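After this come two complexes, each holding chain A, first together with chain B and then together with chain C.
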Partner chain A sequence: MSQFFTQYFNFDVMREHFGEVLVGFLQNLLVFAVAALLALTWGLVLALLRQLPGKKLMPIRFVTIAYIDFFRAVPILIIILMISGGVPFLSFLPQEVRIPHWFGRPDPFWYGVAALVIVYGAFTAEVYRAGIEAVPKGQMEAARSLGMSHFQAMRHVVVPQGVTKIPAPMLNELISLLKDTTLISVIALSESVLVSREVLSERLNSSSLTLTAIFFVIIILPLARVVDKLIARQQLKITRGSHIEVA
Partner chain B sequence: MRKTRLTAFFAVLLLALASVVVIGCGGGSNSTTGGGSETSAGGGGEPLTVGSDIPYPPFEQGKSGSYTGFDIELMEAIGEKIGRTAEFQDTSFETIFRDVGQGKFEAVISAATITPEREKEVAFSDPYYLSEQAILVKEGSEIGGLDELEGKTVAAQQGTTGLELGKEKANAGELRPYPEGPDAINALKAGTVEAVIIDQPVAQNAVEEEGGVEIAESVPTEESYGIAVAKDNTELLKEINKGLAEVIEDGSYKTIYNKWFHKEPPKQFLG
Partner chain C sequence: MAESMLSLKGIQKRFGDLAVLKGVDIDIAKGEVICILGPSGSGKSTLLRCVNLLAPPEEGEIFVEGHDICKGPGSGAGEQSWQLDYVRQRVGIVFQQFNLFSHKTALENVTLAQEKVLGRSKAEARAKATELLERVGLGDQLGQYPETLSGGQQQRVAIARALAMEPHVMLFDEVTSALDPELVKEVLDTMRELAEEGMTMMVVTHEIGFAREVADRVIFMDGGVIVEEGPPAEVLENPKEERTKQFLGLVLDR
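Now for the complex of A and B:
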């Protein structure tokens, strides 16, 4: 049992490498912030493309659905490795796209962000779709009968109502996005897991990984609670008078 | 009708899952009981489980079941001398010493440098290889060696001497630890890093087999590779040292060395 504690809870190892692991973890948060912003936008674009009306736009809907299905099925690790191992060799692309160093971040950072946005765009698109489809059809019909175009109706009537229904599932996607930022360690971005593994090989002790796990728990647990509160408030607003207890 | 179809679908799914489990377990027990395809020819006797981080050409390479390379062939030769059949397990380098210490496998041969820190955790055999680090760069690169890496983006493999050397001497702008050596070399070829610090023979192998890269400088490190066993396993250590001495004595070390490095081994390894 004491072996268990020395292996996973060696506080000396944690203390000595706290700074390094924290710097690595900030790297995770930065990847998350950039990727989340882009994925939420990209997902909305995909969801809207999927809802385009009429026969003529069928090919666009088809391609969008194919994209969403494909990237929900493929493991992110594969996408990360394919981008990192392939894009730099595509000589028809300009140098700053093949090996991006935008905003002073190294190329593995951007390869990782790209992979996460491509995949999580597909996941968030499905969440947006659930929200949009939960808005009664009458809303769209009423807006159209007032003379709004499909896009205007989406923009002013359907999407604003739709997004109020999805904070919980969307947060679940974001939490899983935050956790998946650790996958970028395979292409040598110095984020928390890579730093911890480096410590592990140096000290032959897993406590640095425990420390990283603790960082993630500290960030993610309150996030989940905040959303519970948001849902409760939202429910109060739309259920008018009735009160729903949310733990 | 609908319901029966659904039932049939799940039945087939379950059957498929079950067969995967059965096949998977079958394969697993095969390799642990020995006599599977993992075992090498000759030797006989009780199998000797050996951990190695594969690939790391030319030391270890090939697919599961037909691993080869300098380390692999040397270990097989030693195994033959001591009457044990070497059985290799691909594993991750960063945890390899902890795992051998805890008995996941009995020995480690993985181009592992003998260092004081590692000797705290495991016991090493006599040296079986003298190591040099190489600064690998793209063909035509301006980088001439270790002294010229300042401010550059440099790659190495996680947990290796090359990474240590980079940390201590290179003063690089960015030092990237890749999980596997070939990843680092691939990053060099892709142009995302400007140099790789890696074991000399690995660099040599990359130059010969893949091209497009060259060795800017070979850095002697006064380090040597050893075979690691658990600290309390002195009996096996003795056996391995005896086997290694015999392999050097009868010239099979030289044959294996020539085969993989295309040159003569240093004096102390000539029988």
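Now for the complex of A and C:
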């Protein structure tokens, strides 16, 4: 038991490597910030493509649904490995895309961001879809009957109402995204888990991993409480709303 | 015969195996007010949704001010085509469930499409919206969100919203059916004023009193066809058809 304790809770190891692990964790946060921004945008684009009306646009809807289903099914780890292993050899792409070093970040950073955006775009698209579909059909009809195009109706009427219904599930996706940034350690991005494992092999002690876990908990726990608050507020709105309907 | 505003010929509409409209012909002259009565499921609402192409008919022709808007019907409500633009610039609709944009104030509900569709400036749209909302008696509610308005007020905002697009024909789809009894009158009064100003109107309603008073012509529908039509005095007081008598008996007994 005490062996377990010294292996995972050696405070000397934590203290001595605190700086390195923290720098690694900041790398996680940076990947998260970039990937979250792009995934939220890409997911909305996918959700809108999925909602395109009419028979003519069926192929676009079909391809979008296939994309969403596929990337929700494949493990992210595989996507990360395929991108970092494959993209450098796509000779038709320019050098700075095959091996990107944009904004002073190494190529594993961008391969990881790409993989997370591709996958989390699919997940957030489903959340947006739930929000869009929760807006009563009459809203779209009213907008169209006033002469707005499908896109105008989406832009000004449906999406603004839809997104107010989904902050809680969206935040859950973002929490999950933040944790999945650690997967990029497999392609040698010096983020917190990779740094911790280097400490592990150097000191033969796992406390750096515990420290990393603590960092994640500190960031994510408050977010989880925010999710609870949002859900409670949404429930209140629903009950209040139905009360107004009746009154 | 006055100038034709709206002309429906042989309209047929089905939802899957269910034939909802089985060949409907109606001519509406400019300035005419038509009330359509009939039991639920008779196809009245579907007919209105056909006219503004929210649910385009499978068969038949619809002429709005002489132009056939069903020529080469596409897959319908989703597609943008000259027919859709043409119809929606000329035909306004008010729904049973109001369908006000719930994230917008009364004023914004009325300005949104003016700005985005007609390209009016903010100030222009605002002026028009204020004038219309005052006209329907809501000049003091401009900044209210739909959820704080009563059903009758919401429906009057919806009427103002449709009028802001300066339609030539207005369709009313059971606009008082979702209202509490004491709120029905304010909405009907607004519609009555509109009729007096000469608006061409196609009104699906269960308000027999309104039909008797305001309609130039009453149409009774059942099972997807027109059973009987004529001046309100004739159709409502001396119906010829057995189905009409039955229906009016049930409605007026209440």
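We adopt the following convention: the second predicted complex is superposed on the first by the 228 of 247 C-alpha atoms of A that agree within 3 Å, B and C clash if a C-alpha of one lies under 4 Å from a C-alpha of the other, contacts with A are read in each partner's own complex, and residues count from 1 in each chain.
Convention: contacts are C-beta pairs under 8 Å (C-beta built on N, C-alpha and C of every residue); 3 or more make two chains touch, one makes a residue touch a chain.
Worth saying up front: this structure is predicted, and the values here are computed from it rather than measured.
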Exercise for the section: May I ask you to decide whether A:Leu146 touches chain B, chain C, both, or neither, giving the answer as first, second, both or neither? Expected result: second
Problem - Which superposed partner A:Leu200 touches (first chain B, second chain C, both, neither) - result: first
Problem - chain A residues touched - chain C or chain B, whichever exceeds - result: C
Exercise for the section: Applying the touch criterion given at the start, work out whether A:Thr6 contacts chain B, chain C, both or neither, answering first, second, both or neither. Expected result: neither
Exercise for the section: Report for A:Thr210: first if it touches chain B alone, second if chain C alone, otherwise both or neither. Expected result: neither
Problem - Partner chain(s) touched by A:Pro106 [first = chain B, second = chain C, both, neither] - result: first
Practice task
Report for A:Val186: first if it touches chain B alone, second if chain C alone, otherwise both or neither.
Solution key: first
Fill in the blank from the handout: Within their complex, chain C touches chain A through residues 52, 54, 74-80, 85, 88-89, 92-93, 95, 97, 99-103, 112-113, 116-118, 147, 158, 161-162, 165
Fill in the blank from the handout: Within the complex, chain A is touched by chain B residues 93-95, 97-98, 101, 117, 121, 153, 155, 158-159, 174, 176-179, 183-184, 186-187, 190-192
Handout entry: chain A residues within the chain C interface of the complex
Key = 52-57, 136, 138-139, 141-150, 152, 156-157, 160-161, 164, 241, 244
Practice task
Over in the complex, which chain A residues touch chain B? Could you list them?
Solution key: 84-85, 88-89, 98-99, 106-108, 185-188, 190, 194, 197-198, 200-202, 204
